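Provided herewith is a single structure, encoded as structure tokens, for subsequent inquiry.
In order of appearance the chains are A, B, C and D, and numbering begins at 1 in each one.
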């Protein structure tokens, strides 16, 4: 259910609150404060006004607000006592299907975090893989309170920016999507390599899990980006290209087995809203890659 | 126990047979025939004389000779009824530690092979990985008898060439060893990359098994080749280079996580006696490799 | 003065001839034959109909037609007795400003050619550099008559296709333009390199002549292709990139003088209607290029 | 005429002075001071002892010593009133064959330099090309006196280190030679490229002058380094590789003309005593280079 910025700019407070009130986890006062600032010239301006309400609240209010966020992978999510958005976001990264052991580990980290800071660990899960969420936990737990308070608010910024961008249409929707693309050049032939099978893996717990597969088109690119229309989850990835099949299909019998058969390109994503272009230049006997544009 | 070519050239038949008679599996007549051709100008000439005896024998003798080779991973090897060389060679590739399931699979393939050709499947295991032996089985089983007979004799050539090269010292020892080497160039700094941790994996049954690890020296090379002093086993490999640690040690904080952290270079070996030089040129944002020299 | 295909399809013969009659050098019968085939579904179809008239004419008519083409760089061009199109095309490649010595050389080659084949040397100059025209002369002079007749007609095809594409608007204009583009990636920084000065040289008579210069934009590309809107002249080229200035502007003092300061990429163009993408990947200590897409 | 360190360590002062006295331009007191420090454990120690004498002399003595160095390309060199070493060194870089105009330019710069600092411009010409000497002049002229005094003494260090290394044999001869090498890998074939013609150019006055040519051997390297047995002159260079001929010889007809025919690699040398390895990896459609080791 989306709503247009133009309509929002006209709404009474109850309608406005009904439309965007659950953007900020159990904090109707955020929408109230934003409502007073109408009209907004852009969706980004609406989001910044809501964030301004958070940043200008008293420390006690802020801590109470942070405290209402659900435990990541916690009991609340299991029992359903969270907003629909929270539940959906946590499922997207696999936090709803943790093993008992993983659940226990998350729970233990979260308890330590909550005990230290007085509010639960908050992270924008859509910008992360399971591995990088765990790394965030380990990295952020030693922070001092001021650092961590700022980090938690910044994560609220990311979480709510995504919610607003998904819900409100109109001018100036914030840029929340990244893009992962590739291109296969056959520098033995001096041409793009068509028909090359590509698999995309994400590293999770030391293991590579296949999260997608595609084939290059006539220009050596893929018809659709490998990942698009969402933030690129921070994490480690590997692209695997079946270049041996490509060269065999060109009738080039380099050796048996082929020197390069499946070429893996391993890389990490650290800018979820960025464009990662990871091309492959290859011959039967060499290959190279680089972060392109 | 090695013996010099000079000594062999002087030996009586019994001494000669005792020294090199077990090179050819349960075929003392091969050494006898070779003994008559003394003296040999090179170790290679000795080996070729022995092979000539095999090639000039009657077909019945040849088939009987091939038939005396032990089943690969077979009952004979388990019961100890093979030459010491055979047992050692089969152990080197892990054929002595097959699971029951793998043992059954090898056994089944070998039975089909023996039923079809009248002699067991012969392959120079020192030139192969477990994976490539299995591929050989699958590739060779459909051969016709003439092709497969020629292939079996060629494998005897490889097996016995290794045995002779290990046993006989002197002039003209045949070249039986390959070499796998690498070199890490940091093209961000324009210098070799020292201290880079490298791991070498062999693919076996779809899984990568670590078979070695090392660290680059001041020239970006390794003090010892990654594999040397033996044939390079035909198979699929992956080198993994910890370039993220290298750049972090240079104080270059490219991103978090680093775009390239562990760089995998995947390649196959098809020439066991060849030199494979697999260098890595890298920056924090790009890398390339090629078959060098 | 352009004319639309729709209008041509409606025209009487005199109007049609006035509009496109001089496309084929002094051969009004070509337009006449084409006029009878109206209407045309595409500009390409119009051109092919005109070429069909040439190809279906008697050999004597064809030879007479070829014979009416001006000597390349010949007396006719100097005296003005050629079509405006011919004069303009020959000027575009510098044939109107030959030195006396070059003029004599062209004249000598052309006399030998005409003596051998009975018609002057015909080449679509817009698809060539001065150097490649001279190479064409040397390569084609030893041809036999059948080969050369076919080559001359093919060149008439190229010449007239360009004239038709320039003159007639509408559906299905033939693709006559090529494109030369570049892209500078700084793989030291993992980003496109903006602000890099680029010069383009054409080799003529063993010397490199600068024919253009530009600067990369924020994406490391150039706002306009290096060559576009015309066939890419067959010939040898060099791009020179001021990468030393780029790295100095980033504060990277690699050495004095910089290991790579001006990077030259030398390449040839053999497909005038093709897309040549010639990118540069560079660090202060390395660079690479490839034919991209 | 060389002399051994062992002999020098035994010599009386007159013999010692006769043997190495002219190492330091018209400064017999340097050899005298060094003679008192015998014996030397290494040739480097001998040279450092001589330099210590220079560094410990009074400022007036030092300035007088620097003042006795000949004008670079000056009248003295023409008239023969300099040491044989000086004359030979200046000839090696072409300073004895300057045009009248170049002679005038050098003379003018040298007059300005001498007027400002009270001693002539001193540079170790063996470590430079003509172009870089001119650049040194322009760069050093604005220096203040202390900077320039230190620079002049450092150049004396380089000049005399070369003289000592050429004259004295024995233990610990200082490392004064650099090395320029290359390697051509054909990554289309996965092999070194043999028989590739290579030309080496030095940029002088904006023009590239050919200073050497060679051909790759079976390993894709050159039998001799491109430059060795001397310091590498600081300057700008270009290697040109005839890769088009190489691929044509392999029967690969990529296009006409070949996309890459002559590949130029342009680079600068800034460390005269360094090893510059400048390899070429190429296919008919791509190439790359890097500073190797």
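Here are some notes:
Throughout what follows, a residue touches a chain if its C-beta (ideal position, glycine included) is under 8 Å from a C-beta of that chain, and two chains touch if they have at least 3 such contacts.
The shown structure was predicted, so the numbers you read here are calculated from the model rather than taken from an experiment.
Remark: rotation between subunit A and subunit B after Cα superposition is 180° (nearest 5).
Taking each chain's centre as the mean of its CA atoms, B is the chain most distant from subunit C. If you average the Cα atoms of subunit B and of subunit D, the two centres end up 49 Å apart. Chain geometry summary: the mean Cα position of subunit B and that of subunit C are 57 Å apart. Listed for subunit D are residues 187, 190, 259, 281, 285-286, 288, 290-291, each touching two or more other chains. Arrangement of the chains shown, judged by which pairs touch: all-to-all, with no pair of chains left without contact. Across the interface of their complex, subunit C is touched by residues 187-190, 254, 259, 281, 283-286, 288 of subunit B.
Residues of subunit D touching subunit B in their complex: 183, 185, 187, 190-192, 219-220, 281, 288, 290-293.
For subunit A in complex with subunit B, the residues that touch the partner chain are 132, 234-236, 238, 255-264, 266-268, 270-271, 281, 285-291.
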